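Dropping a structure here in structure tokens format, bear with me for questions.
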Amino acid sequence: MTGKWKSFGIAVAVVGALGIAACGSSSSSSSSGPKGNLEFAVFHAFSGPNAAYGPEAAAGCYPAIVEINAAGGILGHKVHCTPVDSKGEPADAVPAANRMIASSSSLVGVIGGGSNEATAVVPLFQQAHIPIFSTTGQSSFDHNTASYFWRILSPDSAQGSAMAAAAKKLGITRAATMFGNDIAAQGSAPSAIAGVKRLGLALPASQTLAVGQSSYRSEATAMSNAKPQAIITEADPQTSATYFSELSQVGQVPKLITDPVSQEPNWRKAMGGAIGTTLLNKQDYAVVAYSPATLPAYKVFTSELMASAKHVPNPSQWNADLYSVADYDSAIIMALAMDAAHSDAPGVYNRYVTKVTAPSSGATIVHTYAAGKAALAHGKHIQYVGAVGPVHFNQWHNAGNAFAIERYVNGNWKVYSLITAAEINAAAGF
Amino acid sequence: MSVSDAGEAPVFDSVSAGYGGHEVVHDVSLAVGQGQIACIVGPNGAGKSTLLRAITGDAQFLGGRVWLGGEEISRIPSNRLIKRGLAWVPQVDDVFTTLTVRENLELGGFLLPRKGVAARVDELLDTFPLLAGMTSRVAGRLSGGERKLLAIARALMPAPSALLLDEPTAGLSPEMTGLVLQNQIPRLSASGVAILLVEQRALEAIAVSSRVHVMVSGVIRASREAHEVTDWDELARVFLGEQ
Amino acid sequence: MAVFISAVGFGVVTAAILAISAVGFTLQFSVTNVFNLAFGSVMTLSGFVAYWLNHAGLNIWVAMAAAAVSGGLISLAINEAIYTPFIRHGLNLFGMVIVTISVAVIFDHGLQAAVGPTFFSYTAPAGKAFRFADFVLTRQELIIVGIAVLLTILVQVALQYTRVGKAMRGLAINASLARACGVPTRGVIALAWFVSGVLAGVGGVALFLDISTFTATTGSEFLIVIIAAAVLGGIGSPRGAVLGALVVGIVTEVGAAYWNAELKDVLAFGVLIAVLLVRPQGLFSRLATERAIAR
Amino acid sequence: MSAATQYYIATIVVYICVNVIGAWGLDLQFGVTGVLNFAFILFQAAGAYTAAMLSLGPASASGGFQHYLVGFKLPFPLPLIGAMLVGGALSAVIGLITLRRLRSDYQAMVMLVISVVATVVAESVVGLANGSAGLSLIPNPAKSLTGLTLQTQNWLFVGLCVALMLIVGVLMYGLVYSPYGRVLRGVRENEAAVEAMGRSATRARLQVFIIGGALAALSGALLAQFIGAWAPSEWLYPETFVFFTAVIVGGRGSISGVAIGAALVAVGIQQAVQYMPIGSDPTLLAALEWIITGLLTLIFLWLRPQGLLPERRRRYLRRVKTGFAATKLQESAGT
């Protein structure tokens, strides 16, 4: 063999090997699990800067399938969760989504699509007629027209308004803002700042931080000098930890009005390490979707979460994570919609999502899959009131939540105060 | 000449050298007497510098043996040569350009006992008074001649018994060439150092040497006592490869 | 004025933290000619060594010392096991840059696979705060700044006045001549890798303490700022690295105090690019110029 | 074949085309001429943003949820051409800063820093290209053709990408094997000889920097139009490393080799890893993907530095292999 042909041979061999690897296992992956199983994909970032989003969503999906499978599955089928890595960026998410759609014939629904990749992948799922329950906060979906897109949690803009309303509710007259310039925080920053002004509160400082810097001492000093009674804040764990640890060194950490990110274990771990858990728990007022711990569905979620330890390492860390809770509800809602439609075909059951969640007179209120399945079997209409509370989808498939201020007391999140729709509207200028 | 005849001085015995496995210098044998200057002259590309570089590890040593003071030094790591008494001054990159003159000398004395370094530096500054006035100047800023003097002084720091000089006058002004070739080098050999000199300026080199080797195309074509070289026509013929 | 003074003061603190690593990076480059992009991984790995010891109950400063040693050993091991063989194999300068980035990628993602995509913090109280007008320093910061000053002076003095320091500088500019002087180059190079790793270890722990939380990739994320400081000061010059770190630190803090917190990085990098336009060899340029790194 | 499978295959083909075009741009710089452009991904991003803004309408028209500099709503193929022009122009500016006076590995460092600066600017100056959220709803030229099924539109775009890749490939052959290509290889092998022939090595470097930048921009433009979104998270500096691995694995300076390398490394590894039977932890899979990329680079540099399909001119390759050592001091220290 001459050198040239030898090289060519090597090239062919490598291409071939990759090809065989791909073909050989694509057949095995589509036949993974017993025949007739259904799959929920957890499509989120499992790597890269937002690698914590994936495990967070998985911690919602696995408890749901425990609940569903314990009740005999959907229409006789067992359900699986399949984690798929979007890497938190569109360019990697698109082929990942397409591969997932193409390679899995039992895929019936998607949980995921965060702010980083939702705009790129939602059209793909729309085209493939697969429902996607997204936790993106981006306002580009506020008037979404994709019929397979569903959003349980309020968009970032509403979150920002709710945080401003919370400041007023807490009797604060001087509220500063500190937001990271990352994608998640930038969604809620404008409405929070506008809300503070609109509600007539003083805004002594309004900071946008470049995330991931080695020091924010000057910014922290400026904040300390502005002497706010509270800081309305959202930033990634790293930035928050660095900033507040430096703020605690130059002055006092005032009340913190935070968003659901502050219920994520990573954020608490980083912030607890930075300013100490005692101070954090004392000052943190988390503005989150209203889901009283007394909700029956929430109790089911936490117990099923503990039963998911096989797939969810250290499950208890997620039990207060609003995104995990919302993703749990997403899976249960899809399952109930399939039962209501008597079909696991995504193109069919998608239309039933609102039918199992919308309030209507005569509807049986259910909090678990088992109860919903039983009620449907008896020919009743149901309304699922989930672990995040009631889910009312509007014409754009957005479900606005009621907001509450929660505090971390004795190892649990406790509702401290409810924020009414009127209060939020005042902050949002509606 | 046999090994024992040479005493302390270096002896090359059928040395071959080159680069990347390609032989440039073939079967060279020569010796330098103690306190004497031997020069290798020859046309460009004859392999003169390659011969020296093979010893110092900058070219490949492909065969033969080199002796110094009765010990073989052919293949020992170049940083141990100085321990055996062999110092050298390369043609280019001959000083540490980012270090001061004093630091260059101090580094030259890396192997000397710590306490003796300063005294030895002073000794050499006495020998090279031109350098004495510029000890804190950075070597990269020196003129060509000053630099070459520093390079030689640096090489002399550990008081070597033999010194290899690779075209020490390349690029120097005529005055500096005179200073180095006619003044400093003979003084060194007078102090007992065996010097192997590779030079382009054949006539000037022969004038200060005791023995002359003419190298052409990687082989020694002729070896003469310097005072025997009277027939310049013969030398020219050898140079041109017409023996 | 008070704002300005405090911003400069904070800049010095930031600079001190960056300088430890920047000196380590630049020192190793000057002696070995290898642009080691795995330097950030060494910072992280030794940062984790300190983390495990710290959480096993060890005092943070003792853990930092352990991180220093482990950083030195990791750095040495990477060179002996990977870099030197590649160089002997005949790989050229920029081939080596690619080798170092490969090593960084393998280390960072290997570590992330092992520890997970989560955040880690040392347990170390910041200690008493010392206050001068707006300028506040905690005991911990004071110690870090002290360590930084001590280490950079130590490196500088060692390079300037000790025999092995001079040998290192000589080796950096002319290795073959250093051998002619009898310098055991292999040993000195190993020492340079070790010292650089020690500084990476200390610099990593100092940085992670300062930013108060870190992940498996934090070292590499901050490496660019460290390189920027080294390049600004003139690569290969430890003094330059300190100066570069000071410029980066002070510009970012003053920029944050007076201009726009979001763009403070842009400001610092803008200074770097402006300097490179006028003076590509950086501020302290001797080695860069002599080695024809920049003309 | 199901629609989903078709779409998946279409995606893979588009990604291969995009990466091959990009890798050729880098190969021209790194493989052929020896310029170490560690800011490469920045030029791909510049092309993507330019194409997006040239094809999007004004920011206020798209619902007002994203902010960007301009929106011209230009028809195909103007956004692609504009992207290449901007990519080339940006390359010229950065090339003038870095290429003239810095040694190759030092250029790499400086460009690495520039790449990070650009990300920080894009994230911080929201008005430029919508900050860290990036641009979305970027029009796809094939989808503006009405009366076609989605499937047809998709294959139309695939056809566009393949056609552009073939055109670029033909141009690459013309360029690399022309007398000018010899000058470029000369710059890589022996700068002094090139200068002695009266050609400016710096000018040649700058030229390939610009051409390569334009190709990177073209690849970015196609990618952005295909996925419809572009954000800073897509062009973090480690992404450049993937292109370098593609060129090294394929064969520096070899046009067909680099095409194979790009397909294997930039698309193949990612897809193949997903099918590996090592459990279903996606975090581990992603880590594995990077580790494989890193190991592949090391293995090829060690065992087969000339790549899978070596450059045709073996004379040069021998020199590459035995060429000047990085640090003679380390090399000979142990001898």
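Just so it is clear, A, B, C and D label the chains in written order, and each chain counts residues from 1 on its own.
In this text, a residue touches a chain if its C-beta (ideal position, glycine included) is under 8 Å from a C-beta of that chain, and two chains touch if they have at least 3 such contacts.
What you see is a predicted model, and the numbers here were worked out from it, not measured in a lab.
Common neighbours of chain B and chain D (chains touching each): C. Separation of chain C from chain D in touch steps, taking the shortest path, is 1. Among the remaining chains, A is positioned farthest from chain B, on the basis of C-alpha centroids. The interface holding more C-beta pairs in contact, when A-C is weighed against A-D, is A-D. If you average the Cα atoms of chain A and of chain B, the two centres end up 76 Å apart. Spacing of chain A relative to chain C, judged by their CA centroids, is 38 angstrom. If you average the Cα atoms of chain A and of chain D, the two centres end up 33 Å apart.
One finds 42 Å separating the Cα centroids of chain B and chain C.
Residue positions of chain C touching 2 or more other chains: 112, 117, 176, 178-179, 185, 262-263, 265.
The residues of chain D that reach two or more other chains are 120, 124, 283, 286-287, 322, 332, listed in rising order. Chain A has residues 46-47, 51, 55, 181, 210 in contact with two or more other chains. Every residue of chain C that touches chain A in the complex is listed here, in rising order: 3, 6-7, 10, 13-14, 17-18, 112, 117-123, 126, 129, 134, 136, 138, 141, 207, 210-215, 218, 221-222, 225, 249, 252-254, 256-257, 261-265. Across the interface of their complex, chain C is touched by residues 56-58, 77-83, 87-88, 90, 93-99, 103, 106-111, 114, 138, 140, 154-155, 157-158 of chain B. On the chain C side of its complex with chain B, the touching residues are 163, 166-167, 169-170, 172-174, 176-185, 286-287, 290. Residue ranges of chain D in contact with chain A, taken from their complex: 2-5, 7-9, 11-12, 15, 63, 65-66, 120, 123-124, 126, 131-134, 136-137, 150, 223, 226-231, 233-234, 251, 257, 260, 263-264, 267-268, 270-272, 274-277, 280-283, 285-287, 304, 308-310, 314. Note for the complex: chain C touches chain D at residues 32-35, 37, 82-84, 86-99, 101-106, 108-110, 112-113, 116-117, 171, 175-176, 178-179, 185-186, 189, 224, 227-228, 231, 235, 262-263, 265-266, 269-270, 272-273, 276-277, 280, 288, 291-295.
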